[in-house]
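Shared chain: chain A. Partners: chain B in the first complex, chain C in the second.
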Partner chain A sequence: MASSLDELKTAIRKALPGLDVVIAWTAGPDALSHAPLFITEEADVARIEWDPRCSQNLAGYLPGLRGKKAGIVAKGCDVRSIVELLQEKLIDREDVVIFGLDCQGAVDARSARAALGSSRGVRDVAIDGASVCFSVNGEPRFFSPGEVLQSKCFGCAGADAGLCDHFAGERGLPPQFGNPPESTLERLEAMDMEERLRFWETQMSRCIRCYACRSACPLCVCQDHCAAQSREPHWVDQTDHPREKLMFQAIHALHTAGRCTECGECERACPMGLPVMTLKRALNRRIKDVFDYQAGIDPNQTPPLFEFREVETNIKEREW
Partner chain B sequence: MSVTEGKELRIIGFLCNWCSYAGADTAGVGRFAQPTDLRIVRLPCTGRINPLFIVRAFMNGADGVLVSGCHPRDCHYSEGNFYARRRLETLKALLPVIGVDPGRFEYTWVSASEGQRWRSVVASFTEQVHALGSMPRFMSGTSLDLCLRPAVQPRVF
Partner chain C sequence: MNIGVFVCHCGSNIAGTVDTEAVAKAALEYREVVFATDAMYACSEPGQAGIVEAIGTYALDGVVVASCTPRMHEATFRRTLERAGLNRYMFEMANIREHVSWVGKDKAANTRKAAELVHMAVEKLRRNERLQAGEFDIAKRVMVIGGGVAGIQAALDCADGGLEVVLVEREPSIGGKMSKLDKTFPTVDCSSCILGPKMVDVAQHPNITLYALSEVDSVDGFVGNFNVTVRRKAAYVDWDACTGCGECAAKCPSKKTPDRFNEFIGLTTAINIPFPQAIPKKASINANACIKLTKGKCGACAKVCPTGAIRFDQKDELVTEKVGAIIAATGYDLFDFTKYGEYGGGRYPDVITAMQYERLLSASGPTEGHIRRPSDGAEPRDIVFIQCVGSRDKSIGRPYCTGFCCMYTAKQTILTKDHMPDSQSYVFYMDIRSPGKNYDEFTRRAMEEYGAKYIRGRVSAIQPKNGRYLVKGADTLLGRQVEIEADLVVLAVGAEAARGAGELAEKLRISYDPYGFFLEGHPKLKPVETNTAGVYLAGSCQGPKDIPSSVAQGGAAAAKALSLLSKDKLASDPQVSGVKLARCIGCGKCESVCPFGAIEMIEFRGMPKASIIETVCQGCGVCTAACPQGAAQLRHFTDNQILAEVNALCL
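Moving on to the complex of A and B:
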């Protein structure tokens, strides 16, 4: 992707004088995941990286930079988060410059590390159609997309190039990977109710309550006012009980209902690898069915739980 | 007076002050026989109901939750129940994923004069929850206890 990286750097160099900061990616401490880079001077531009390891959604930094002129580098899924922030008026369109990218899939660092055995020596990653190639110490190693990419990439619609101020690479064509790997939601659906409860009990017993899932979420903008830490009302108690941790996941899911764009940051950030996006996926599916709505598509749309219709076409209430 | 025989279950009712709570009162004044499993929490409006009330109720051991408010277009605050309807419809997708049977949660509209209707709502919902039995409980104890589950005898509450 050298050419789109060069295009990107040129566009950022040109726009930088009019901006306070540009958020992009640079090589991270780990060879499988790139880290955010906040560019304020031209010398930093050379450090920008762009390849399938740029998994982090940088949109979460934007609300905190409100009032400043910020440029942001965004994959298709990241653009959806930016649109959602615009829909909710958490950022101002005139203050944000979007550098869209032609993304061909993003690496899931955790499964890639497992597949490779280690992240050591990974120099480059390339995705071509049906396979993902890691060059490890000069040797190519091939995997199928389902083994090493993020599951969200399988339903990718590509970036809406029309919303981007600049675009590097071919305009917004989504990658095609065929069938996605089985999701946790599908696995849960095959279980009975008690098994589902036990599933969460077991998963949540591993949660360390670090709230990285919340901190990584671009839509969790409450900062110090998070319901998880309020004493009044006391939504979750401080015991190390799976029930309380699941309660927090329910809070996160319901607070992002109709807003979550399934960017996958909560799962990516979770140090315990817990399938915490599952609840949000279930809510999104319902919101699509009932309100025919998907978050982060149209900046002028109102999220479904911010409004109502007197007559709801798809709501069938129970007859008693 | 229970219409359902045997053990009483824990059913929580979140009712709005203006319609359904008054409707329940009407049912009481009319001395309609009703199952006694329902514990009522009175709220100003269904729009005041955070869907998390319902999740928290289930996590704290409820076997069923019923929400009832004013009929659409009759809300005391004009639009509270319209928002509530959207929120509660959304909530319906969350509960089964965490293991709460969809039959354990319902919402409906009962006006202040509908004592008879209130009676039948309570009776049929209670029956529906009884058909499902009591909700499987979380194990007591912390995550550590759970990791050591084979070693300890978990107490089910």
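Moving on to the complex of A and C:
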């Protein structure tokens, strides 16, 4: 990764004079996840970090920078969010410069912390095929990918190098892991309706309504005007009850149905560790079945729920 | 707000399985309900008077009626409210008949459910607004699709009533099936003699524009303002120049073209006028048969045409017509009997359809009215008629009775005897269905005066035998097998929906049954309306019908269109979408999903915002589901109203 990082820095240095800002990652207060870095002058370039701790999807910053020329460093999964933003005309292609990277997987800070016992002393993280190595105070500690990486890495299809304006490292190689850990969606599907409801009641009773999940979502276009706080319409009320909290999650899931790229930011942001992406994944699965569509793949496609067709290609209501 | 609740017994329809008194009592507990009662028939005159009186006595601002479906009486009760001085939208209906009493027998459960539905209606009503209808201009023009006898009647009646009519017919001539018939039951008068003058009237009527050889391409708009795009298919002849002299057909060397009008018995030329009485009387070229169009050489017709009307380079042309109402009169098609192996599956030349037989009987047909076997041109003596071919047979998906085959078969046996006194007709039938005026007498005459031998039973096989056909069947009345040697077999093929009926229904947004026949608005009370305002039905497109019924329905549909378009303006429905500018973030998602193009993006204080074109909005609500902000709201069905209903039920 060291060579990709050098390549990346060179590319950014070269492009910077034509850009207002470049968004990348740098070492932050938490040793297990890097923080965003907004580069406006060349001196900042040296601070860029690139390793499996660059988990945050930076695409969510782009709509807010509309009108400016922005560069963005993006993993394969992050590129899907950028594609979706382009599809929805929330950003302009000519104002965005994408720096793609050869990602081998990204750390899930919460489970890594649990596995390590603490994040203190972590100096470096590297992925070598079947194991993830954390060097803690100079000592290597090895884990299997399922224990410490984000679940989305297991289904990764690789970076869409085609959309990237620059690419550092080897193009389009997805990480290769076997045996993804069992997902919450799979566990839920094995339950009956009553059990599912109880599951959500238990989870949602822990929600503190901070709306970090919403703020982290790169596709929540409404942000400060969120329907969750509106009284006209009055979709969610202030009762401290799992019902109202789940109602908000249902709204969020429905608003992102067929748009959500499953980048995982909502779950990464949740201070309570609630599995809120599960609802979005369940809806995406339906969208895939019904419309044969996956969000964030082709910038020229219209998401199926954003157009009206009298006859849907994949819904055979009438045969003639 | 003062709300009054009226719980209807509907005689015993509701009261039989719902404790209406208990429902009224429960309603008194709901918020802002100041009056609740049960009523024998809420829609009856005393029932409505009771509502008007209660509105006065209790100073009601809104009314809930718990009774039947709103499709039945919502309009009735809205008028009641208006009579009492309330806004018509301060009304809600709880359907406790179709949704409760008719579907469940458990009285306690039914009563509970009815009370819950009333509760929902009350909670919604508490959030209703006094909406006002606007008005919009309408086009006083009608489009009739299909120029069979039903469509012709509808077009003539509308035109006589002063409306401009556009008649669209996909064949080169109007007339439909009736123009192919020889004589018609039950009077046995000549079909062309009674239809011909009507066809001429269509051609000559100053209010009628006829597009023959044309089909509907697309339909936009709504009642009062439909925009219909019609595809005028290439005839390869300039119809403005063509005089219908027929010189071209006389010279056309492609003389072996199968003759569509004559049901493919006999041959015609590549360029032809389908029949002498055709309207419009214009020539058209069958592109598959034309030597010039297929091989590039010939052009004989162009050389002889005295007006130089031939246009080998003619293309389909699209024209758009604005009309206020549409009458669908696309008729029926005939069942393809080759699906039945027992009748030879189409392999025997002398096993023909009844419509082909009509062409043999007709003086303007391929045999000039002499009955001749297609195989050898010989005059047949023994003729077997088989009824219900493709009717009343579940196994082939045609469980319904076509209704007119019994009658036309009887007619054909009578005509056969008239043409050939020495002939003998045999009819295999399942039941004789002849309930029309003078119909039963007619079938009796066929048997008693014209000596047709009727055999009740089905035919199991037809086998060729020495140039004739051995028809094997059962006589179920005598309980024995019968075998008849016939020279000719005529199959009474049943009716099925016209080819492409389903596609047309989709374009018109009207419903159709599993067989493709268009659905009327109500089987008894709205037989010519559809569930789409401004679209009416005439003739066999709604279900097989004989000529008298088709003509009657054509007239009825015309009356409906005339009464609709007798007004200068129609009231617009205020139940449309609206965008709250303060909430709209201008994302444009609503604009991209609206099926009717009713949303435009505007700029408001430098910000993009969505705006609804109210006359175009159909109130479908798709935008309100797409808007993440809840900024787009459907009036009378706002999110808050719907949530209030859900909460009434669930909390």
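Keep in mind that, in the parts below, the second predicted complex is superposed on the first by the 311 of 320 C-alpha atoms of A that agree within 3 Å, B and C clash if a C-alpha of one lies under 4 Å from a C-alpha of the other, contacts with A are read in each partner's own complex, and residues count from 1 in each chain.
FYI, a contact is a pair of C-beta atoms (placed from the backbone, for glycine too) under 8 Å apart; a residue touches a chain by one contact, two chains touch by 3 or more.
Computed from a predicted structure; not experimentally measured.
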Clash-or-fit label for the pair chain B, chain C on chain A: clash
Which superposed partner A:66 touches (first chain B, second chain C, both, neither): neither
Touched partner set for A:308, first chain B, second chain C, both or neither: both
First (chain B), second (chain C), both or neither touched by A:201: first
Chain A residues touched - chain C or chain B, whichever exceeds: B
Touching partner for A:47 - first (chain B), second (chain C), both, neither: neither
First, second, both or neither for A:232, with chain B first and chain C second: second
Touched partner set for A:290, first chain B, second chain C, both or neither: first
Touched partner set for A:14, first chain B, second chain C, both or neither: neither
First, second, both or neither for A:221, with chain B first and chain C second: second
Touching partner for A:187 - first (chain B), second (chain C), both, neither: neither
Colliding region between chain C and chain B, picked from 21-29, 129-137 or 147-155 after the shared-chain fit: 21-29
Overlapping contact positions on chain A, where the chain C interface meets the chain B interface: 227, 235, 305, 308, 310, 318, 320
Residues of chain B defined as touching chain A within the complex: 51-52, 55-56, 59, 72-73, 79, 82-83, 85-87, 89-94, 96-101, 106-109, 117, 120-121, 124, 136, 138-139, 141-144, 146-147
Residue numbers on chain A that touch chain B, as the complex places them: 185, 188, 193-202, 204-207, 227, 235, 239-243, 245-247, 250-251, 253-254, 257-258, 278-279, 282-283, 285-287, 290-291, 304-305, 308-310, 312, 315, 317-318, 320
Chain A - residues contacting chain C, complex: 88-90, 221-222, 225, 227, 230, 232-235, 255, 302, 305-308, 310-311, 318, 320
Complex contact set, residues of chain C against chain A: 502-503, 506, 580, 583, 585, 587-589, 592-595, 622, 626, 628-630, 633, 638-640, 643
